[in-house]
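Next up, some structures in structure tokens.
Next come two complexes, and both contain chain A; in the first it sits with chain B, in the second with chain C.
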Partner chain A sequence: MSVAQAEATEVALEAPSGLWRDAWYRLIRNPGAIVGLLFVLVFVVAAIFAPLLATHDPVEQNLLLIANGCCPGPSAEHYFGVDLLGRDLFTRILYGARYSLLIGIVSVAIGLSIGLVLGAIAGYVGGFVDSAIMRVMDVMLAIPGLLLAIGIVAALGPGLRNVMIAVGLANVPIFARLLRGSVLAQREADFVLAARSVGIKRPQILFSHIIPNSISPVIVQGTLAMATAIIDVAGLGFLGIGLEDPDETPEWGSMLTEVNEYLQVAPFLALIPGTAIVISVLGFNLIGDGLREALDPKLRGR
Partner chain B sequence: MSTNGAGAPLVSVEHLKVYFPIRSGIVLDRHVGDIKAVDNVSFDVYRGETLGLVGESGCGKSTVGRAILRLYDPTEGRIVFDGQDITELKESQMRPLRRRMQMIFQDPFASLNPRHSVGRIIGDPLRAHGLAKRGDLSKRVRELLQVVGLPPDAGSRFPHEFSGGQRQRIGLARSLALNPDFIVADEPVSALDVSIQAQIINLLERLQGEFDLTYLFIAHDLAVVRHISDRIAVMYLGSIVEISPAEELYENPLHPYTIALLSAVPIPDPEVEAKRETILLAGDLPSPANPPHACRFHTRCPYIQPTRCTTEVPALRKLSDGHVVACHWAEEIKAGRLRPKEREAVAEQPLLQPAEEPPPV
Partner chain C sequence: MAGGQQTTSLRTYALTRLGLALPMVLILLTMVFLLLRVAPGDPITAALGGRLPPEQLEERREAAGYNRSLAVQYLEYLGNVATLDFGETIVDNRPVTRVITQNGAATLELTVVALFVALLVGIGVGLVSGRYRDTPVDVAGRLFGILIYAAPVFFLGFLAQLVFAQWLGWFPTSGRASPVTSYDLDTPTNLFLVDSLIALDFSAFSDVLSHLVLPAVTLGLVTGGVFIRLIRVNVLQTLQGDYIEAARARGLSERTVMWHHAFRNALVPVITVVGLQVALLLGGAVLTEQTFNWPGIGSELIRYLNNRDYIAIQGIITFFALVVVIVSLLIDLLNAWVDPRVRY
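So, the complex of A and B:
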């Protein structure tokens, strides 16, 4: 009994903590993840406060500025210079952050939600349903993601909404596969058997026992997919099948495309939106890597 | 409650078979064979007793326990719980019965959901059966924590904050939450330190008295089983080879497998230990996908005889002294007329396929 009492007091000394809180503490102690969080934070701030931070109008053209050739570089008036139509590049980058974040979040949300449902059903129901769903996913995976997105945009027509749907759908098989794998691993776990043996219903076992324990690789993949979604949309924009009206919409990918004929005379026109893409993608990737470590139960307690 | 061995059994297992199909094929699954994890097992568990179920790893003892709780579906045979045949019940029909039969798991680290607080883990069974409202629930959880010797504030903590022994107490509290009559304890102490094992065993015994519990106690540690069991069943390769009252089994083992098993238990006296005879079994456990015909133990049996052993399946039969054993030569062994002999492992027949891993248990 004395051993049990000693154990009891020992337990009482430790602060109570949840797994998610533990994970959060580990995440903010990871230098890489902090850098990632800062990068993303910069873009979130830029996106939210774009109208306040902007020095000019994002679509207003000022052709007088480029009367003497393209294009004036950074100056006190125009921090990042002006583009080939005389628009302020700094302002356009700020507004572009809105589109990039929106694209990243919405397309990942589309891919994640469909992928989660399909993966959970395939993994938990198993059998024929599993085979049917996963063979469709295999077919989708056999086509390169960007090519698949191009095909979907071609079918749906261009436009921001359709681009996000296309990139999201191209992500579905990745999420479905990932979740199916971890659901399969958890389905036979002892605590799932225990839940069955006390009489908990099957849907509740899936939602409160299996999915919460299978979701962490999917969350990690989600942050990484946000990075690739931004690149994919930029790529679609570069290929000219992205947004309906790239002139009116300051989106980083199309900002890159517009200037490909001016690379030699004004390289900053490509470098600046390119750097914005790199930094935001790097930010999401660093957060994803940090989350992967923070959510790994084997590293708990370090 | 009736006394041991008297009255109707609480749980009856009749000719239970649990086969796990071996499948192969990429597009179409072909059924190429079965892992015969449990093959024709029958026994009764009487109210208030502890039936020990022993056997080496992979002999199917956990599968029996899980099949009784219908966590695995029996391939054949009948499971009768308190007079009701539960073999064919659907999941929804089983649910009310689950209040009366519970399980304690071997691995206290895998059997608790790491994302749920202890209070939720213990309260879940009550919620699932609609047995407690919010206020009552936390009161009941504190009660249960106290019963198993944990501090009442443990409810707000998470499993990873506890040691193995404490986690096993949490699992115990969960299985007691519904006030069950019958508990399958699947190697409840084999993952614990020896010092903690004794605590948990004593706790199990105390709870049995307090709550009129009936245990099916699955283990491979013979000393632990001897301590806690009233009767003991010995399993080998999916079948029961011997059932007898605990002391009788240890004093007077009759099946050659039991004799070999018991001879491997060290005796804490160097002089006796040096003199006693140990029987080393030759060879490995045969594959349950392709078990030896006739007597399943004949490939390794040190008492093997030229007749019957390789041609005739020994039935589980009751000897004059109430000892139940599945060996053709039990009487001769008992009388000391047969002696064990050294032997090489004899392969029953070349395995058609490499030994398959049984499905995750």
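So, the complex of A and C:
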């Protein structure tokens, strides 16, 4: 068999099943991942179309509604009832999805980009640079994620932008470790040696060979990091230290801050925002797990 | 002979590991110092600015040494931490070490019991799930693990309060002890469970315990979710091992195979994960304490945060991170002792 023939059969073998196509088929056959996709779909639709779906104004107070005690529960007028200041909870949940999604995406993007650059440099340059970067990452991992975010918000001051930076920075070490491991594993791989032997420069090998081959664990981790980011943001909101005006901003975590005194009379005030958090976090976790299984080359072809 | 060799290499490993921990602590302290100094102004201005006349503010800044160069302040900070002096809070002039000794016991009690709950639930559910793979028990166990992992601690805490305190009335909603108990009980160790046992005051003990149940179980369940998953996978992997088949072939009862061969090996990595979970546990403790009005370090941290007291925040975060570093050091040593492969 000539080389050309061998190549042809190889191409024929690979063509009908690309990694991504395979992964997609495996993903949509995984019941957990389907539930996850549904949850995330609900979450994203709520976030994007909040102004269209909302029945009221998210910050408009209506103290008359709570004149007879707290708080009227779900009704035809207020699907999820009203909160301690007579605001429509359904509307606030929808707008809350916007905050969570926005903070989630931006903070994961921050953590991912900084983490990937640091991890790639550490793995590829090696030596002193490697140990210096990774020791700092180890230390960041030693500080509990929420505490690190609290510290950063404390230093930068509250506000949407600073929360994103805080949650994002807390994510950096995870991505840095991931990419460093991946780079180290591939640095001596045959295709890298081949690229090097034909004289391709190191940065180009890194960007056009090594990073693309590390992309699938990064995507899995990115999905899982979205879940963590949503939980961390809710935690900061609950503690009342994230946003400048926690009373006004419809943020899920902060909706749970003052309700424990009203648990007996209005349990829905805790149950509804809490369920919203659980559904969105669960959605990203399930997709992440499903992707991990779908993309794991060890499971391919089984 | 082999024994002698083993102890030497364990000691070498311990020294190397300790040598690695020291630069880590230095980086940690530098990071915390830089982090809380990038804030505009200095801690005194941040906490008291606008509340004191400018001259008085200036006086206090000078007294605290904030008019000196950052390098001097940095070296002083390092020196202080080395002598276990984490500074004095600005808003109520309390040494941070006292915050730790006074409120630390509450946090310690909460986290230790929570870790115990986490291990109990995690190991129990994990082993059963792995042993009875793909049966309804396994599906239920996995579902429980996934759900618990997605629930924020404070939401789970509210659910627990709602069901077990408000509806069923089994446990108190919040706090560490009822007023009578906290008034009567002598607290030499500040660990209320221990104190009530020392005093042989069993009504106080049961009161303290009933206050501890909901927060500890809440924090423990959230932490335990990770263990369920880990142990299940480990059981599945060990069950595929050749030695399991060999044990079965030798005619050992299924029970012996499970307990002495499979489960035992599946539990070794748990030690490592306990170390990793300590950070999660401490972060979760901050939220749990806030949810249950638990007077621990986490509650104090949030109180100082709302007062913008950077000295207190810096001290408490440094302390938490040091705990994580020390625990992970101990875990690594324990691991090296249990599993010789780790030392290489």
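We adopt the following convention: the second predicted complex is superposed on the first by the 282 of 302 C-alpha atoms of A that agree within 3 Å, B and C clash if a C-alpha of one lies under 4 Å from a C-alpha of the other, contacts with A are read in each partner's own complex, and residues count from 1 in each chain.
Basically, a residue touches a chain if its C-beta (ideal position, glycine included) is under 8 Å from a C-beta of that chain, and two chains touch if they have at least 3 such contacts.
Since this is a predicted model, take the numbers as computed values, not measurements.
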| item | value |
| --- | --- |
| Which of chain B and chain C A:Asn285 touches, first, second, both or neither | second |
| Touching partner for A:Leu256 - first (chain B), second (chain C), both, neither | second |
| First, second, both or neither for A:Leu146, with chain B first and chain C second | second |
| Contacts of A:Pro267 with chain B and chain C, given as first, second, both or neither | second |
| Chain B versus chain C as contact partner of A:Ile241, first or second or both or neither | second |
| Dominant contact partner of chain A by residue count, chain C or chain B | C |
| Which superposed partner A:Pro51 touches (first chain B, second chain C, both, neither) | neither |
| Partner chain(s) touched by A:Pro31 [first = chain B, second = chain C, both, neither] | neither |
| Which superposed partner A:Gly73 touches (first chain B, second chain C, both, neither) | neither |
| Residue ranges of chain A in contact with chain C within the complex | 32, 135-136, 138-147, 150-152, 154-157, 227, 231, 234-235, 238-241, 253, 256, 259-260, 263-264, 267, 270-271, 274, 277-278, 281-282, 285-286, 289 |
| Residues of chain A that touch chain B when the two form their complex | 1, 3-4, 7-8, 11-12, 14, 16-19, 188-191, 193-202, 204, 208-209, 212-213, 297, 300-301 |
| Interface residues, chain B side, partner chain A - complex | 66, 69, 71, 91, 94-96, 98-99, 102-103, 105-107, 110-117, 124-125, 128-129, 149-151, 153-154, 156-158, 160-163, 165-166, 171, 174-175, 177-178, 195-196, 199, 360 |
| List of chain C residues in touch with chain A within their complex | 23-24, 27-28, 31-32, 35-36, 38-39, 146-147, 149-155, 158-159, 161-162, 166, 173-174, 279-280, 282-284, 286-287, 290-291, 301-302, 305-306, 308, 310, 313, 317, 320-321, 324-325, 328 |
